[in-house]
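What follows is a group of structures, each given as structure tokens.
In the two complexes below, subunit A is the common chain; its partner is subunit B in one and subunit C in the other.
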Partner chain A sequence: MRAYFRNIYAAVSTILIGMRITFKEMFHPSVTNQYPYQYYFEKRKNVRGIHKGFRGQLYIRMEDCIGCKKCAMICPVDCIYIETSRLEKGITLSDTRAVVRLKDQTVWIGELLEGDEKIEPGTVVKLRDLDGNLHESPSEHVEHVVTSKKRRLKLDRFDIDMSLCMFCGLCTEVCSTSCLYMTQTHEFSTYDRASLLFHFADPSIYEGLTPDETETKAEDGADASEGRKQKAARRRQREETA
Partner chain B sequence: MELLSSLIFMLVIAAALLGFVMLLALILVLAERKVSAYMQDRVGPRRVGPFGSLQTIADAIKLLLKEDIISLQADRKLFILAPYLVFVSSFAVFAAIPFGRNLIASDINIGILYIMAISSVVVLGIIMAGWASNSKWALLGAMRSAAQMVSYEIPLALSILSVIMLVGSLRMQDIVGAQSGGLFSAQNRWILLDNPFTFLAFFIYFISALSEVNRTPFDLPEAESELVAGFHTEYSGMRFALFFLAEYANMFAVSAIAVTLFLGGWSGILPGYTFLNGVPGFVIKVSVLVFVIMWLRWTLPRLRVDQLMSVCWKYLIPIAFFNLIGVGVWILIFD
Partner chain C sequence: MADLRTEEMELNMGPQHPSTHGVLRIVLKLDGEIVLDAEPHIGYLHRCFEKHAENLTYPEIIPFTDRLDYIAAMNNNLGFCVTVEKLMQLEIPERAEYLRVLVAELNRIASHLLAFGTYGMDMGAFTPFLYAFREREHILDFFEAICGARLTYNYVRIGGVARDVTDESLKLVEKFLEDFEPHVHEYNDLLSYNRIFLKRTVGVGILSPEAAISYGVTGPNLRASGVHWDLRKDEPYSVYDRFEFDVPKANTEIGEIGDCWNRYMIRMYEMIESVRILRQVLNQIPDGPTMAKMRAAIRPPKGEVYMRTETPRGELGFYILSDGKNKPVRVKGRSPCFTAMSAFREISRGLMIADITAVIGSLDIVLGEIDR
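Showing the complex of A and B:
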């Protein structure tokens, strides 16, 4: 008999405990993110944004590509298509820019002042970036350094088929100049499979170059094609006045 | 001529009630989704209309446009008849529910008995649906439902009986009239607070009623995780919607009966607050009970079949009998 009433008491009291919890929960703010409308989660402590090492959509800085095709070769699914041709005789392009990547995934791009690809312990890596800011870091914090390289090939085609890409990141690891990298972009779905073939080759980089212009090594660090265009424009002006 | 005019009058009232039930289902479905969402820290529907208010209408339109599938193996006549039977019997209950002083479709002198009788027909409809579907899920759900609803009708009737003993009438308006004093007055207060036995009777009624309308924790007839959808597994489109409509209509009806029997019906909550008299007070009380039903659904897990039976036969029925005797003794001694 006692067990009978104890059973009733247990049932009623535990139901009340459960009901108290659900009632309290009604007044908690919801944890829902209204995804496409509410994208970044600054106000939420429990939801983190995208991590720094996230492997998203591929992107390449064409003005730093030397056309070595290492990425196309290592790609397990062959989704990178590169066609190169030789530069006409006498034409030189600007050197590629140096890249320093730190272990916390910070990337600096610009002119390397101190340090080398072989990272000696105890030394300092120094780099002036495109805006002229000076960065330096002890070599223990540096993941890798890519020094500036000469560009001898013209890229006629650099296509990446993101519909095939498996986001392994091998191409970015082998890239000689660290100009191929994975962005954090991950929302690039389209209605059409063909539009996932991204064309990166930029013929404008090679525009306005004439064979006699041997001195156009961009010392300025800034966007190479931009600098060259300005120089070409200045030259044309000079010829007109003469 | 007399007959024709009264027939038209009845049809108009029936149409008005039907419209009310439809509107009710639209509101309650949305309310349930919102309540469940808030209890689970979600936001619930909010895309269709302001704050998702048109979500149920969109769902209803979707159900209307869906293909009406009748399985070849099904018993066609019964299959078609079952949802109407379920809906009509839960709809007919509304005829005897007093919404206000004069707002009752038919104040018959056996009101509560009529409600008990007509709501039992739901079981028939459910068994019919389960049998006619010719599907094991549906049949199992229907059998469970029959066992459950027949069992729980006993404590339900016993708890209602204690109210009837106290009031001395089966007429719904008389029952409301016996509680016209409100919550705390010495005379004619709510039957819930009339004596300890009626207080207990309210909870017995509420638990049995939950089971009668197949709501969690007694939703075994449609236990999703075991029986797909129970008795309405094979139904699609508008036929399914009728079952759905009946469920929400039932939920309201059961709460309305509880309010009428125990919580003073449409008569006011506190003397002096006249704006709570009549329909507003009734709606508030019913909404609170409906909320409790939803609250229970999103809190408690489903009972097992044997647990279900033991709750009814070992606990509710003995307590209800004891309670009935208690009410009788109380009336003898104090009234």
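Showing the complex of A and C:
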């Protein structure tokens, strides 16, 4: 009989101990986020933003892609399709831009003034971005540096099938120009699976290019000869430096 | 009257059952409410990991190990990478080793928190689940900051770790550890010593130490059966030999050796031990590179290797047979949950139907790892 009541007492008292903890929560601010109507990036108490290095939807800056196909090779699920062809003789495309990624996942894109792909400790990495702003960081904080590279291939096709992607991020790490990267976008669900095949290649950008135009951007003969002179001068300069 | 037997009944539990923790089907043979036999049927989540790994290069396999035990993906990454490194005899930079221990122990806490939360839910207490997820969120938040993903991290790599950790991120961990330890005592008040919870778990589903060893049960389930065995202590890998921590023992004051309550309680003790390890990691972590100097293409030498590590669920082993090319010839995973599941049949004989959920929850199985 005594054990019976002791049992009841133990059950009630331990529940009350638990209730004391839950009761304290009554005075804490709510952490619930009404998600589709209220977004994570809205500044609210207890709601944080999304982190810089988040691995979301893949995106590629096509103007920096050299068509090396390293991303397609390493993809464990083969969801990147690339087709390239040679450029016509005489056509040159602009060089790719340098990219510096810091350890806190800040990315700078532009012209590399100081530093190299091999990051030496105790040096400084300097970069001028596209707006002309100067960025500088000691090499201890730098995670990844990519220098400017020549573009020698025409990209006829660059498709990424996001319905297959497993968001491992391996493709972004091997990218030789760091132009393939993962954005913070993670809400891209659709009703149609085919719409998750993203086409990035734009063949129309190669259409207007003829050998003369790309070299000199001139129409008449005089300017063309001027262009040839420039070209010769540039070649001489290159030989001198080499 | 005693000779009178009622008709036996077969009952399907699962595959879609909230307390089977995934897609698991159990065929119960019942005599009234007493379970005569419980036959688990697995394989609903089979994804051919081992066969698939034969067609992938070594770095490409790592994201697939994320998806074995998706609750403790860091520990799975670590297990696979340590195996390949043992075959290659690679030297790992100090900082990378410390970061590996850091993420592995944090993931252990996250995994045990989930085990604690869902076990409370199996036993009819919903509130602890929300408390566990609140703390787990801080850990996932840290993982998102350092590797960009919340569940499938792909962070530990062959030769080191993928990204370095900034000091601000480490401060996040420090702050979390400060808050976390009092929370564990809160959980104990909330659930562990609750009378109703004790009534449902103490003395239920006893796994004797002999049976546990003969079934190959490892990890917290083995330690709850009174066998003092932890690979971090007995066969140290990475830099675990540098840290001071205890391997928790089963509590015989309240529970019995090898019962559901002890299997649950060992995980609560382990979280405290993980906090101890993490504090030492934060104090000792050196500066330096996070990736070993090696060739871009990973080609381990010809040979075979077996290496085991301690995940939150027990001993995770990988066997790799290499012929010197960039793809393995054979990969075999030794799953800790699979052995725990095989002991389930022995544990559950003679129990009531309601105790079956208590046993499954206390074994803390993840079907993604059992089926692979």
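As a convention for this text, the second predicted complex is superposed on the first by the 174 of 242 C-alpha atoms of A that agree within 3 Å, B and C clash if a C-alpha of one lies under 4 Å from a C-alpha of the other, contacts with A are read in each partner's own complex, and residues count from 1 in each chain.
Going forward, contacts are C-beta pairs under 8 Å (C-beta built on N, C-alpha and C of every residue); 3 or more make two chains touch, one makes a residue touch a chain.
Here the structure is a predicted model, which means the values were calculated and not measured.
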May I ask you to decide whether A:G18 touches subunit B, subunit C, both, or neither, giving the answer as first, second, both or neither?
-> both
Considering only touches as defined above, state whether A:S30 meets subunit B (first), subunit C (second), both or neither.
-> first
With the two structures laid over each other on chain A, which partner does A:E88 touch: subunit B (first), subunit C (second), both, or neither?
-> neither
Is A:E207 in contact with subunit B, with subunit C, with both, or with neither (first, second, both, neither)?
-> neither
Would you sort A:D78 into first (subunit B), second (subunit C), both or neither based on which partner it touches?
-> neither
Considering only touches as defined above, state whether A:F167 meets subunit B (first), subunit C (second), both or neither.
-> second
Report for A:E117: first if it touches subunit B alone, second if subunit C alone, otherwise both or neither.
-> neither
Would you check which partner chain A:G53 touches, where first means subunit B only, second means subunit C only, and both and neither mean what they say?
-> second
In subunit A, both subunit B and subunit C touch residues 15, 18, 21-22, 31
Note which residues of subunit B are touching subunit A in the complex, please.
-> 35, 37-43, 295-296, 298-300, 315
Which bits of subunit A are touching subunit B when the two form their complex?
-> 8, 15, 18-19, 21-23, 25-32, 34
Interface residues, subunit C side, partner subunit A - complex = 56-57, 59-64, 66, 127, 134, 141, 144-149, 152, 154, 162-166, 168, 186, 189-191, 193-196, 287
Partner subunit C, residues of subunit A touching it in the complex | 7, 10-11, 13-15, 17-18, 20-22, 31, 48, 50-51, 53-55, 74, 76, 103-105, 140, 143, 166-170, 173, 182
